[in-house]
């Protein structure tokens, strides 16, 4: 993907939040009646890094974790999953890990009670981003949520500046979380500033609609972004599957796989990690879309997001099992 | 205790925080290795209100809870325990319940990972305190932690002004939690302003030492406070027992009861609720000290603070069982 | 006034704000049409300290000034006026001097455009208040505005605690400035906490009404405060003159003197400084009221507040000149 | 400059701050000894709009002013100078006008005491920027200081997005004011994001060095920016004159004119307005540089920045007068 691949130690380095998920142990009920919670690592870019590493990519992570038991748990779990955590910065100002208490009333009715006020990940500062580390990556994966507040926002712009300087491809996972943002207009402004600098952009149709310049149908969206730096755009339409557009004009459609859904959390992160794995290992775009969908189908049937990230053989087994079925 | 006791609908109304405790299910290990947590209601004044109600007192609560699943759980649990929750205010600004993840490495090594940033209880405003409600109480129990930040601090001063206007006795439970305060000097200032207006003051020796004017030995402390409004002062010395001083010059000593300690959390709250119960039901001060100590001994042997609050018969059974033993 | 007057180096030490007034040079017009402003020292407690020193009292000042040209101007002007400025603290965090642009449309229509956001005086911290300095004063003059925000609020409570410890009389000048406060309820709470600890309380009828516990007529106000620490209360009724009440039951009335009014600013500060001067030099209360009124009448006829503070002979000349006239 | 010039009602619309300058009336001394100040409109983009309008351009202004006497003065002064003020937004949250007290110790020693905390201009919100207004302009002039804080920062990005959508040329005046920014790295990040979208960029050598990507010599700076959207770059070197670089490869040098310097304030703003005037009226770049330098030479000899903005004939007279002299 880059000129000097030989010198690249990482397939992908993700930047953004690594948090704690507290998933209801007793589910199919309102959270008020849940009395026990299981602890997992969470946060979209952390999940993607974990999922990518589990599939075999060399993954690194840039983010800020608290100086407490939750922070140490996050670092250990990610390291054990194969992610390089050497550039995770330990907060020194008393910030805490973001928390997500998940409520699973039914497969269709899931909600999250978020603790994001003063979350350590949003306090990553631009001077804590290591230029030399980014230089060693084939791709930098930016999570949209990291743009929601300063100084994390500036840390991301700094990482992007380094990526451009060293010709590291920029992958933008829109990952919109409304509760973290001050206003829709602010989201539109910063999403556009990043999307117009990225080579690969992945999101749901709703997420692309957050950007004033991309609002509308897929054709309008990709026309705008291909006028900037994009070379590959993936737009997900939920159960209707996903579409990939290339700057050279191809369009691919990936179908959604059937699954026994337990909860909907983690679908996007598992999709992204498997899609990136396929791309990075030289598979064609059509196959990459199938990998993404299959990975998502596996994770939504399980209790966690990070721990449930599938292996390559699990993904390929699902694809094979549903190969004869109509999409 | 008051002139017009006939018109009093509540023995005690507590003001301050009601939060969520997340207690390690797998304990005797560092929290990094704990993967499951049990949810309980927590927070010193909430625990005291629950404990008092369980013992048979008519208890009410003034505080602010979030408009989410945790807030609704808190209100329901406290209501089910017999506490009047009609004056608990639902936050409308997105604040969350305070959280306490407890780590139980051993009975001697317990620590708490607190989430107090933007906690809803600290956003109770003075105009949300109901004068007529306080008028109906025999006593107002003030938790020191509620003084740590504005506007909760002003809400407490407002409640105290109402209590004085209607001759409601003020009980000050020092309940010092360092992480909530900006500086030791601020703690000293606000603790003194409340302690000098209270009739009953309860705390550990360390907590009394937070106040510049009370620092030193018990004799100095009580001399200062009896020059103001105090009539009864309880100073706790941990395993060495506790002392009660009256304005009329009596001194009582309460011994600590033996217990199979699981964790130390909740000892102070269970002490306060049983001590108040005994006082309010006309028992003598010596007996009240024993009730407090016995209640604390029971709670430290159990997994939660709020759920474990003992009944009168449990307390009396423990007192009887250890009656023949030296203190 | 105190036991050990011999050891007292200061008649009065004021605590609170010292700011910059920018008074319209071209007046009798809206400020939009004023193109030139004259710079003076301003701020109620600074003016009172300056006025007292000019009359011959030994005055000191506790406050925080910016580390800039305005801060150095304030310190030099006050020092030149005879005020001890050795305990004025220089801000190290970039806060600026409060500013008051005065608009003089007519003697009846004066308004002020305030710059109080981030004003240095409100950042005085409790640990910056020197116990030994307060110990050397006969009286501590507290300005109500200093209670409006933290940490200045806590610095005042700290100063009061020191004053009580060393039997220094507390004089509370209510000095209410609405723009500095968050809410009326907060004002009521903190004003009451200080008023109930002060020996001398001075304010307008409207200012006493800021306190829920003092709202109403003068009789109700003084009854409440004499139940606490007050010994002397002065309530000003504008052109209808002022009243002084003593704990021992005397009531005095001071008439307002006639004046060629240029603007109304500074009347209260000049009143307070002359009243205190008279009290401190052993004049009777009736005379002190006259001194206050005469001093106010002189200042409202001049362009500034601080520079215009009168001398004893100017005050006595005005009293003599209007002696034969009806009040 | 644009396709549909016929429909353009404004030559230039500036976005950013309009403030109050308070210039020392008694100068050649430290400000501590200055007792009188003259009031003027100030702020770089306001000065440029005023200067442009005075020279004959159709100029508009987007900014936020306080709802007070200073705000009304600013709007009236700018309107009287010929600037369209219909899109200046009146703040409704109590923010004040930024203030700049100027100290003129000598022509070489000028400093400014700034009041920028809570300045109204920094509270312009993106939804207060009118797309249709920007559509009517030939050029949008962005002042770098407006990027220093949210939400003004987002308002500028919104204005830039509108300008790009309607093919309005973006002129970026770097206008760096250190006291407004949190860190050098933040400045570098946001300056680069705007500079890479602008067609015309004007600043001092020091200001270009604020951007990591532009740091170094002029050749490096212009090479980087011409790889993005720039077509014309002006780099000022103080008394050594200024350089203009075009994307097509031309380099022009403008000499500095001699002047009897009273103070250095306002030089950059008067330079920019005259340079833009010359460009907009079809003069060649060499002439535009001379206009800028001559305008700057005039303003530094006068007491104010905004009021002193010269007319075309004053500029041309100075150029003619010094035509025969060596640069």
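Structure notes:
Per-chain numbering from 1; labels A, B, C and D assigned in written order.
Criterion: a contact is a pair of C-beta atoms (placed from the backbone, for glycine too) under 8 Å apart; a residue touches a chain by one contact, two chains touch by 3 or more.
For reference, the UniProt names are A, B, C, D = 5-dehydro-2-deoxygluconokinase.
Quantities reported herein were computed from a predicted structural model and do not represent experimental measurements.
Equivalent interface to A-B within the set B-C, A-D or C-D: C-D (over half of contact pairs identical by residue number). Distance between chain centres (mean CA atoms), chain A to chain C: 61 Å.
Inter-chain spacing, taken between the CA centroids of chain B and chain C, is 41 Å. Centres computed as Cα averages put chain C at a distance of 44 Å from chain D. Annotation for chain C: no residues touch two or more other chains. If touching chains are joined by edges, the resulting network of the protein chains shown is one closed cycle, each chain touching exactly two neighbours.
Chain pairs that touch one another, listed by label: A-B, A-D, B-C, C-D. Against chain A, the residues of chain D that register as touching in their complex are 125-127, 150-151, 154, 157-158, 161, 165, 183, 185-186, 189-190, 192-193, 212-213. Within the complex, the chain B residues that touch chain A are 22, 25, 30-32, 34-39, 68-70, 72-73, 76, 95-96, 99, 101, 103, 113, 115, 117-118.
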